[in-house]
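Below is one structure, written out as structure tokens; comments come after it.
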Amino acid sequence: MINSLPVEPLIIADRKFNSRLLVGTGKFSSGEIMRDSIEASGASIVTVALKRASLSGEKDPFADILEYLDAKKFLILPNTAGAMNAEEAVRIARLAAAAGLPQWVKLEIHPDPNYLLPDPVETLAAAEILVKEGFVVLPYINADPVIAARLQDIGCATVMPLGSPIGSNRGIESRAQIEIILEQARVPVVIDAGLGAPSHTASAMEMGADAVLVNTAIAIAEDPVSMAKAFALSVQAGRVYYEMGASRVTKMADATSPLTSFLD
Amino acid sequence: MEQSKLVQIVANGKTFNVREGISLPQFLESINLSIKNVVVERNRIALSPMDAKNTLIEDGDSLEIVRIVAGG
Amino acid sequence: MINSLPVEPLIIADRKFNSRLLVGTGKFSSGEIMRDSIEASGASIVTVALKRASLSGEKDPFADILEYLDAKKFLILPNTAGAMNAEEAVRIARLAAAAGLPQWVKLEIHPDPNYLLPDPVETLAAAEILVKEGFVVLPYINADPVIAARLQDIGCATVMPLGSPIGSNRGIESRAQIEIILEQARVPVVIDAGLGAPSHTASAMEMGADAVLVNTAIAIAEDPVSMAKAFALSVQAGRVYYEMGASRVTKMADATSPLTSFLD
Amino acid sequence: MEQSKLVQIVANGKTFNVREGISLPQFLESINLSIKNVVVERNRIALSPMDAKNTLIEDGDSLEIVRIVAGG
Amino acid sequence: MINSLPVEPLIIADRKFNSRLLVGTGKFSSGEIMRDSIEASGASIVTVALKRASLSGEKDPFADILEYLDAKKFLILPNTAGAMNAEEAVRIARLAAAAGLPQWVKLEIHPDPNYLLPDPVETLAAAEILVKEGFVVLPYINADPVIAARLQDIGCATVMPLGSPIGSNRGIESRAQIEIILEQARVPVVIDAGLGAPSHTASAMEMGADAVLVNTAIAIAEDPVSMAKAFALSVQAGRVYYEMGASRVTKMADATSPLTSFLD
Amino acid sequence: MINSLPVEPLIIADRKFNSRLLVGTGKFSSGEIMRDSIEASGASIVTVALKRASLSGEKDPFADILEYLDAKKFLILPNTAGAMNAEEAVRIARLAAAAGLPQWVKLEIHPDPNYLLPDPVETLAAAEILVKEGFVVLPYINADPVIAARLQDIGCATVMPLGSPIGSNRGIESRAQIEIILEQARVPVVIDAGLGAPSHTASAMEMGADAVLVNTAIAIAEDPVSMAKAFALSVQAGRVYYEMGASRVTKMADATSPLTSFLD
Amino acid sequence: MEQSKLVQIVANGKTFNVREGISLPQFLESINLSIKNVVVERNRIALSPMDAKNTLIEDGDSLEIVRIVAGG
Amino acid sequence: MEQSKLVQIVANGKTFNVREGISLPQFLESINLSIKNVVVERNRIALSPMDAKNTLIEDGDSLEIVRIVAGG
């Protein structure tokens, strides 16, 4: 229903996805709202994280997250958040695969606690190992075209440059660098992090991003289900615009009504 | 009855003394976790559910027990 | 179908409209494509212009535009494009009403041929006359909060500040001034002109605009019908976001995944 | 037979000599326009379709004949 | 000394001024600091205001402002701040002239107390009267090219579009509209209001503004004298750049060092 | 004379420099113009490059660049442009030192020919070696706070994030990321590349950059000597502003003239 | 001695009763202002310093007394 | 007279056959370069001017001869 506008499917690592909106599962107030929001978003790829279990007996509220996600409908994409370096990220990826999740990983290594910006050196090191082990690797990166190219050389399935810091809702702040990444990309580019409003995701798609990932702006909205739909609509709208070729931007006006000699 | 020997392991950074020969599922149950809800890395090797089920705890084992949780 | 996200209706002069996307009819390559695009846009208000008839016998290509527009489904809103001053604008408005169109008028007076920027003095003069004659007046204005306030004082039913010059596709260039207009508005604010991409209309709605008007970007798209839908989606997405209260924008990151002590 | 007198009017800025007593619809037809597709302003007064139908051209009339067309 | 870079002089109403930085006298903490800051700014034109005298006997702190301003060194330019409409503005201008100030006036009519945005209708009306009476009129306006053109038609000596609201330090927010004003200008364009940092004034001059007016950012700086110099430097820098023709902006890089085959 | 505004000196690796404007020597049309422009800029640090000598006998036009630069007045800073990887950069740095230049190096490794964006991995590797060998290393980097932090950890004397691609004159495009670098910096931050107008350098200094490097915009100006002065002025202006603490930016206006009850 | 008659004027919106025949400078002094530091509009006519010096207050006069102050 | 032996070296990627025992300054002169204007890396070792002056070319030497030029 929402997916009513026919756009080209997203293809990552030879797998076809109907939606170009990836959704994160963090920060929702309940499992039910998370499930309904993801449903409303039309997403085909949904991220999850891994976390040390508490051994002191108290129940984790979301410990049963997989009960809310139908692995037949979505690709469940584990991330490596919390990893401080390449080695930890690799271990997390392997744990996720051991748990039966698909051998895909959103590789994110961001030791800085304030801005959660990805460390390119550790990310490259981890990507190299994981690609060799057969993982489909989707690395979260700063908007650095050189790092993006290196990760593609290594064999990553996408690159995921950040628009702005995770959860900041500031939109696309490194537009110029992302344009270069898009121009040079040989794999799908997913803009991740900081996309806080439908105009941000529309704009990302209009620039030519292959997909976007949204989490905070949906999860903490007053009504996450409607917000999820809103983002889904904006992603479609932006993609249609991109596929059609951007409007010509002019300096001067160009009349939409006849102007000459209306009345004497 | 003979008292069973204890072995020492580390799980998620904490030290535990457990009966020798206990299985991994048994150990998890002893700390109120179920093998169905967690993933375990033993001595830096991630275990599949099948492997985990059949694993016996050995002296000096280092375990990481993790859950799949919400994340972006 | 497209209108699947429940948003508050737009009310202008006590009349309720389901869509917050107004569409212009200029520049389409054929009447059929225009009709289908308007249908796809879900618009409730559609603008038309008036033009001196050719007396030399050749047929105007779009002379029969009303055959393509069902006056029961849309409010047909005549504009005064081509008027060089208040007097001409008033005459055009009266002609439109005489022709049986509703006594509504999109008042636009823009003598400058390069940028088609509205003349506030003539616009005020015409608005005063037309409001007194009972017209529902929707004036096209520069993003000038003082002019906007004066037109509201006179009794205009909306104000329609421009995002950027007509047909330029440059988006919202006078954001700061439009924010002031929105803050002070006592009538619906319709952002008109220059909105060239779905992200522009989404952004306009997110700012709190009550509606937007799009023409060029739809009419000259490769596939106007799909583009019309894309704009419709983006307007809904932006409105949902606005009704829900904008996301909190932060300087620093705010993690979506658990970060602490993942592994030893 | 008596020849009908001609009167001079201006329509859309051009001068026309037309038979005295001709109706507005007849004038429009004479220039290949139909009263159904245009709106007419006569001496600065906009005419409704009904008024237009019943209007007789008079000497010195100034007409603006417009169409509703596409516009943004 | 500061004026060491030779730039073309500013000419308003056939009078030549060495500096393209106009300075306002409001908000300084003392007359001495005001005087020294103006000296440091190198300004040739300095604005003052008129205010109802207190009849209750207490001394106005700045009542003796002219003691700090040497009318031989500066053109003392009275403004009409506080006028609520054209008539009041005209009366203020006449009072200033009666007081012996030059028959020049910075015409500003901004009834709105929040944003102090100029009212174009009242401004036009007052300008028309004052020009006829022989005043050299410098009107403060919103960045509206049509109003700018009308004021030039009337005979104003400059137009003074605002960068952003008075005292807001937000810089040039209506860049696109100011570019149109500059392109169409037949008199000097002075960008006024909201210029809060040297980069703002440099940017204004680079765009082709003939001059800028700064007050708040100098007056309330920690060290107004140094800040005045800083603005003076930035104005010169921006003007030099403009006179030389702007740098070519490219999408790609253009190497400054030899790149080919450095080493085998 | 130009350096008339007293600002804090720039200190890099315990060496004090009077000017915060670094100047590159590339692209000037003659040695004399280069020399005079550098003189006019007031720069204390001037970059040069190394290039394979031609063995085919023809004279390099600038082969004698050091004749135009007085090593007593300037720190001659060799760069490593042209290096394709860490190893080449290290060799170039050693050659420069062997030639008697100070053991300082502007480390730049940018294999991509289109955008000349720095490769962080190679840059880190080279920096590690050069710092150990006793070089004062000033690395040219993308605006990536994590890379900036790593280079500081290694012992680099500055970080030099790019504003936009070399020679593009596009100004500071990665503002948000540079703000983070500045916030976290433990060494001076020099903004390099893409600064094409005095407002760009003023803005860089206002943000808190410790210095800027300009080359193309001076070298290819119509009058490089005046442009050099213009940039020097803007750098001082921006620095004064920064040292004084930025102006408070407000949403609403803040009157500079008395407004209340001017006339009855 | 005869008491001088009072006339009523408005200055800056306030009503004042002043002696008939008083000059403008005298009135200003009476309210602690000096003709040198203010500009006066009398009945909507701005007065030059010269005119102001020679002006006599009349019954019903409306004065605006302003100063030149700091402003931007 | 005995003919001097030739040795083969590579300079800036090109092969040269030079007399055995020639000094680096002599070699540079032979290709119209002066030791004063260039910097030389020999077998990956950068040479100071002093070292360069005293260096004798040996068979198989690999030289990089560079200049200091304008750059940003």
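Residue numbering begins at 1 within each chain, and the chains themselves are lettered A, B, C, D, E, F, G and H in the order written.
Rule of thumb we're sticking to: a residue touches a chain if its C-beta (ideal position, glycine included) is under 8 Å from a C-beta of that chain, and two chains touch if they have at least 3 such contacts.
Note that this is a predicted model, so its numbers are computed, not measured.
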Length of the shortest touching-chain route, chain F through to chain G: 1
Winner on C-beta contact pairs when E-H is weighed against C-D: C-D
Rounded Å distance between chain A and chain B, as computed from the means of their C-alpha atoms: 34
Centroid spacing, where centroids are CA-atom means, of chain E and chain F in whole angstrom: 32
Chain centre separation in whole Å, for chain G relative to chain C (CA means): 56
Centroid distance [mean C-alpha coordinates] between chain C and chain B, Å: 64
Of all residues in chain E, the ones touching two or more other chains: 24, 26-27, 49-52, 79, 81, 91-92, 115, 117, 166-167, 170, 215-216, 219, 255-258, 261-263
Per-residue overlap in chain G, given as positions that touch at least 2 other chains: 12, 64, 66, 69-72
All pairs of touching chains, each written as two labels joined by a dash: A-B, A-C, A-D, A-F, B-C, C-D, C-E, E-F, E-G, E-H, F-G, F-H
Chain E residues touching chain F - in the complex, by the definition given at the top: 1-2, 4-6, 24, 26-27, 49-52, 79, 81-84, 88, 91-92, 113-117, 165-170, 193, 196-200, 202-203, 206, 215-217, 219-223, 226-227, 229-231, 233-234, 236-238, 240-241, 244-263
Interface residues, chain A side, partner chain B - complex: 24-28, 34, 47-53, 55, 57, 60, 62-66, 78-79, 81, 91-92, 94-101, 166-167, 213, 215-216, 219
Touch list for chain E against partner chain C, complex: 110-112, 115, 117-121, 124, 142-147, 149-150, 164, 170, 173-177, 180
In the complex with chain F, residue positions of chain H that touch it: 11-12, 14, 31-33, 37-39, 41, 44, 46-49, 51, 64-72
Chain B-touching residues of chain C, taken from the complex the two chains share: 255-258, 261-264
